[in-house]
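Structure in structure tokens, see below.
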Amino acid sequence: MTAPATTTPLADAADTPAPAKPTVWRKLFRNPAVLTGLAIVLVMVFIGLIAPLIATSDPSAINPAARNRLPMAESSMRADDGTRITVKHWMGTDTLGRDVFSRVVYGARVSIFIGVAVAAISIGVGLVVGLLAGYFRWLDSVIMRIMDGLMAIPAILLAIAVVSLSRAGLLSVIIAIVVPEVPRVVRLVRAVVLSVREEPYVEAARVSGTPTLKLLIRHVLPNTVAPLIVQGTFICASAILVEAILSFLGIGIPPEIPTWGNIMAEGRQLFRVFPHNILYPGIFLALTVLAVNMLGDGLRDTLDPKMEKRG
Amino acid sequence: MSGPILEIRNLTVGLPKGGDRANAVENVSFHVNPGEIVCVVGESGSGKSVTAHSVMGLLPKGQLKATGGEILLEGENVLTATPSRLRALRGTRMSMIFQEPMTALNPVVTCGAQIDEVLQIHTDLGAAERKEKVLAVMNSVSLPDPEKMFDAYPHQLSGGQRQRIMIAQALVLDPALLIADEPTTALDVTTQAQILKLVSEMQERRGTGVLFITHDFGVVAEIAHRVVVMQKGHVVEAGTANEVLKNPQHPYTKMLINAVPPLTPAVRDEKTGPVALETVKLCKVYGGGGFFQKKREVRAASDVDIRVRRGETLGIVGESGSGKSTVARCIARLIEPSSGGIVVDNMDIARLSERQLRPHRKHCQIVFQDPYRSLNPRRSVGASIVEGPMNFGVSADAAHAKARDLMKLVGLSPDALDRYPHQFSGGQRQRICIARALAMEPEILIADEAVSALDVSVQAQVLDLLDDVRKKFDLAVLFITHDLRVAAQICDRIAVMQNGVVVEHGKTVDVFTNPQHAYTRSLFEAAPGRNFEFARVA
Amino acid sequence: MKSVKLSRRSVVAGAAAASALAGTTGASAQGAANTLRVVMHSDLRIVDPIWTTAYIVRNHGYMIYDTLFALDSKGDVQPQMVDKFTVSDDKLTYSFTLRDGLMWHDNTPVTTADVIPSIRRWGARDPLGQTVLGFVASMDAKDPKTFEIKLKEPTGLLIFALGKPSSNVPFIMPKRVAETDPNTQISEFVGSGPFVFQRDEWRPGDKAVYTKFAGYKPRSEPASGLAGGKVAKVDRVEWRVVADQQQAVNALLAGEIDIIESPSHDLLPLLKADNNIKLFNWNPLGNQYTMRFNHTTAPFNNPKIRQAALYAFNQEDFLKATIGDPEYYKVCKAMFVCGSPLETMAGMEDKLESNFAKARQLLQEAGYNREPVVLLHSTDLQVLTNLAPVAKSLLERAGFVVDMQSMDWQTVVARRVKRDPPTQGGWSAMLTSWVSADILNPVMAGFFNASGDKAAFGWPNDPEIEALRARFARAGTLAEQKQIAEAVQRRVAENPTHIHLGQWYSPGAHRSNISGWVATPAPVFWNIEKGRGA
Amino acid sequence: MLSYILRRLAATVPVLFTVAVMVFLMLRLTPGDPAAIIAGDNATSQQILDIRTKLGLEQPVLQQFFIWLGSILRGDLGESFFFRKTVWELISERIEPTLSLAVLTIVLAVIIAIPLGVVAAYRQGTWVDRLVMGFSVIGFSVPVFVVGYLLVYIFAVKLGWFPVQGYQRISGGLGPWFRSLVLPAFTLSVIYVALIARMTRTSVLEVLSEDYIRTARAKGQTEVKVLFQHALKNAAVPIVTVVGIGIALLIGGVVVTESVYSIPGLGRLTVDAVLARDFPVIQAIILSFSFVYVLINLLVDLSYTIFDPRIRY
């Protein structure tokens, strides 16, 4: 019998460690989808941030005299002190003579904010509820029944009801979009928890007397991060879309807060006469959502190949 | 025709860039004659499966590619054959059976249809004739009631029956070459024995040449005519079964053969330490209840009475589904027993709630089968080891100091503490798991198939380690295994389980020398290479 | 340049669509030739024109009901169901005779027994009706064809009221229906008008269907305004709901429908550019934009502050922002509508000129301490959407603090009747639009009712105005009426009940094979013919 | 099997109850007064109060809820506040267009998406794959109504192949019915195709890495048959699942599509009802949509047994 001390790791002859995998970060930055997606998103965010600097005029300043101007048209408006200011409308003006370009860049702020906020909130709520549901059997059935209930109501209908029945505004819209998303997140988290809690290393931790809460945070929670990041991007993307749809149905965010959605919604009646009202915000919106989705796909492929979007 | 059915000449298969070596296999040459069983033996990563797959032309596209040499099937080089020609050869001249019959059979197609498919592809027989032929072959692999099996789905069959279906489907067109890739590894010993018997029968009756891939020298001893030993993609030794097994030349071969535990138990002195663990009529029942109609119950363990003393190793031996792991998990209180008692440290912990349980956790630790899932991939091994002690109020420094000692103890460098699991090999991880268990200073250590997933050489070392720590800390070890050889080597006493019941219980020597229960005997009957004396060479 | 491109584009579109027409419109399968497919300004949901003032319901009323009197194209009241009537010399007794052959859609004759309860029910809800019935001593049926109305004191309004052209119109309904409680909707739709309502084909949100009433006996005179012979020249009228203006126009261009009651002004260029389409201004009197104050809460509970708004506003901005094309709007400071007998500028000369200096000064005098103006902004009705933002910016430039709250029109309607303080779901001001025909004098125009709690939402309380309105009701001659109306307008200029923000016109659009559309305050579909061809 | 179905149906009861409670509270606790809307302009506060009382809106909320619940259980969905019609009438009028649109869309989507997905999976990493995936991402990214307008402009206004808007009932002949639905169905199916193609690709990819695919090849089976005989059937379950999930998505899309093409379906009815605060209608619709959703999930689960013999209830 050889003394254990003498059996060095080298002794494990045909038993060599798995070659070290490239780190997640390196993989991410090799992924073209992630890179392009990220790039576009960042540009959009940047535009939103510097909106006050690049906007050619106050996005909600109306000018009835210069309504429905075509792109590149100029208009002048008298200020209270009688002086006249001349503005060039890169993207034309809408039916109130508001400068579409300025509205679009300010719209970037709100639209992206909505996307991020919805993603953050629904993930936050979903994570907590999901962890609880996943780990405590007795809570599980109760929570999941409620979630099933929420799931059963078609998302858009729920959103329509929430927004149009409460006072239309940024907050109510965000809530309206969050509510239907939460159960999806909860289910995702719960699924992860259920699979992880059977993992030997979690059981090992249990056996070594790790308190449940610690167990959740230390060993279970980290496993939810990857799928949640991915899910988050998809929620963010769809939130931006849903906002647009709500606006389209005439129950979105009030027009004096410009979002890509409600700029398009306002412009849609004049689609054939003045397409620019839909065209420009449309391009920005589609581009952003596209980018976020690409980012999400890329993230999924690298972080979490198993999972499939909206599944 | 004479001459080898299969001849492999200087086969070299390249690995994609960034692998741990340039080629999966390098200059491999050997041949298979008609009516001959050639075993290719080697541990994981030896390239034995790659060799087999390149013969079938089934190397994963884009990842592996034969870069040199040739593979002659009845004189025809399959490496240069066109895809359609290759397809024509598969199933007719050469065919293959795999390790996991469950996954190797299409779960949504009936067994009959899957055998029939071969005929559809390669013959133009009418439906009636085909069915006839299929039933015939199913008969020949002695499947009970072929008519019924024909329309059964894979999941409705037992593991052994599935493997028989695979064999039937491989042999239905009498190929010249049968490639068997670890065909029995996933099966219980008794089933394994039957399948091995079947393979050699078929091969004799039909004069098929068999290329048999395995890692188990027991199996080799059982059926091989000739043996090819592979290591890291090279053939290190080849010869007749007798030559290689009795008189190995290459050090690696010697090492492997030495590592095979003997079936004859070492004589061990009676342990008289205090009783550390006792179970009283331990039962675990799954299922039951049900909303509308009563679900059928599964008695995973019933009335299990076992007792383990300090310093003693009790082996629980049984095949899959015997309930041995259930017992272990009950004792570790990962699951709650349905009834009965678990006395640890003069305290029945069977009914305690998670919260009440916590203080008692330290008494009993467990090491799991799969080393790759036993450690949290996101935490350094150090963190994993100190977690337990710190749960019980040990200071961080103290815990870390202890962790370093334990790393030394299990034969790893203390500096490795802040490395992450993926940087270690399977064996090393299992050592770390043992260290983690020991960190709790338990009285009881449960090893649940702790060495089953390891290659023989590594297995031997980990077994040694377990025995060492038992001595060192006067542990009561509960050793769960399906492998009689392993049990023979390490256990003081053995409990044999079948369908949740302990059918035999006694000193290892007694159980091995004259087994009382029929089931125990059948287990010994089945043990591969039981009546083969391996060379013991230094 | 743009317009040229446009016209070419849409001509192509029109032609292409027309060529594909044969297959596309399955509706045309069942006799499109004599089916008039119309897109109205909104969806027909409620079907009791006495119970609600919604214009779509009024239009529905004109399809299936008939009226005793009616306004002709010159603005004079002419008998419609009535054959002839006489007034006693003391102007206190009116006696009416119904003309022959009046039939209900269930082919029972119309009698005075139906007429009187109908007038009563209308009088219970309509503001003008309430005033007029105030003068009525008794209504008695002499025989199935003649009835008599006795007054307490003379009024010039009785006949005018019975011919009231717009909401609520005194439609005549069968006795059993007319006796329904005024606050309950009627649930039977039998009328005596030129068209029959097909209840089983009525799908709210989809379409309402009317068919020609064979038993209707039109007057012999040619149709003129709402008066004259109501001859149904198509077998079937379908009101199609096309929620999306753009799509409605596309559909008209494609020939899938025949008429749009009032297409969005910004889309008119498309229609003008297509020579298969004709525009027709069916309501020459037009409409009037209005901002209503809530007199019960700060800041607009103070007349000076209301007047400040009157100074701060100018009609041009509102009209530009909503209508755009000057061809379809008219700046008009006459509250009783330019082009009507009571047109006058009295008291308004210096107002509505966006005189912010004057406005600020008034706010100061009034001691306005920046209570926010809660301005209700409806976002889903094209013709109203752009009003609130303009009001907001003008008010702000005058020094008001404005909290504009956006919501759909239905919510505005719900909100504006709430009397709570603005902070608790109340309101300070809202904008709407009136059909000019509804506001031709201070008695019929609901917003002049200043009787406090009994007044319409906004609840102005000004005894002086009420006194003037009472006098107006008694006024015998037009001259007298003119002089009182002027007084009312002067008073309102000092103590505004609401602000009129200019007149606008919304032409209907029809395919060129449609002819005979009559100019009326409310769109009507008798006398319209549908010829062959695109 | 039967007991399973019964069990599942029983399980839907609490779900629908939750839905009922949530919807009901949502309606009652939010501003907007149907009575005021019904009363119309220049209605006095007294008239409005009268109407509220008539509509039973003056009773305590809890009481209202149980009255409503009671009538639902009796199968009576109540009467619309506005239209002199029962909710049941309204819904049954509107069901045909929505159903037609939904079915057509699903069929369209499945026909297009599944082959795309399979090909993409088989040619993983090639330009075909990228093209399909690219399309599916775009499908997720463009708002439905934009797609709608573009299609209308091109195929109805410019080319005049299809009607611009409106819906033709089946009773008016299959031809017109179909023509009137082509554009809406396409519009709606875009996102749906994206979803299904994606899922098909993923699950086929997963199956392709299974042992029994290797076995099939080892038998000498041709790639095409490996793909469609072995892979697709095993990949079916997740695909069917996503089709089911998609129904919820579909119901949302229907609302928009119906507004764009002014199709008199349930989606439009919902929006109108919500805007008009027509409580009985809103409650009924959302409840029935939820029921449909639950039902579809049940059907999906049952359909598993067809595709996978291992699944037995």
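Miscellaneous remarks
For reference, chains read A, B, C and D in written order, and residue numbers begin at 1 within each chain.
Criterion: a residue touches a chain if its C-beta (ideal position, glycine included) is under 8 Å from a C-beta of that chain, and two chains touch if they have at least 3 such contacts.
Model, not experiment: these values are computed from the prediction.
The chains that touch chain B as well as chain C are A, D.
Just to note, of A-B and A-C, the chains joined by more C-beta pairs in contact are A-B. Remark: the per-chain Cα centre closest to the mean position of all protein Cα atoms belongs to D. Separating the centre of chain B from that of chain D, both taken as means of CA atoms, is a distance of 49 Å.
Computed from the mean C-alpha positions, the centre of chain A lies at a distance of 23 Å from the centre of chain D. With touch defined as above, chain B holds no residue shared between interfaces to two or more other chains. Each of the following residues of chain D touches two or more other chains: 31-32, 149, 157, 259, 275, 277.
Shared interface positions of chain C, i.e. residues touching 2 or more other chains, are given as 244, 246, 250, 380, 408, 411. Pairs of chains in mutual contact: A-B, A-C, A-D, B-D, C-D. Within the complex formed with chain A, the residues of chain B that make contact are 18-20, 43-46, 231-232, 252, 255, 332-334, 354, 358-359, 361-362, 364-366, 368-370, 373-376, 378-379, 384, 387-388, 391-392, 408-413, 416, 422-428, 433, 436, 439-440, 454-455, 457-458, 461, 464-465, 467-469. Residues of chain C that touch chain D in their complex: 12-13, 16-20, 23-27, 29-30, 43, 45-47, 51-54, 127, 167, 183-185, 187, 203-207, 240-244, 246-248, 250-251, 253-254, 256, 380, 408, 410-411, 413-415, 417-419, 425, 432, 446, 449, 453-454, 456-457.
The touching residues of chain B, when paired with chain D in their complex, are 56, 58, 86-92, 95-96, 98, 100, 103-109, 117-118, 121-122, 153, 155, 166, 169, 291-293. Across the complex, chain A is touched by residues 2, 6, 9-10, 244-246, 249-250, 264, 266-267, 269-270, 316-318, 320-321, 324, 356, 377, 379-380, 382, 386, 389-390, 393, 397, 404-408, 411 of chain C.
Chain D meets chain C in the complex at residues 31-34, 36-45, 47-48, 50-51, 54, 82-85, 90, 93-94, 149, 152, 156-166, 168, 172-173, 175-177, 179-180, 259-262, 264, 268-269, 272, 275-277.
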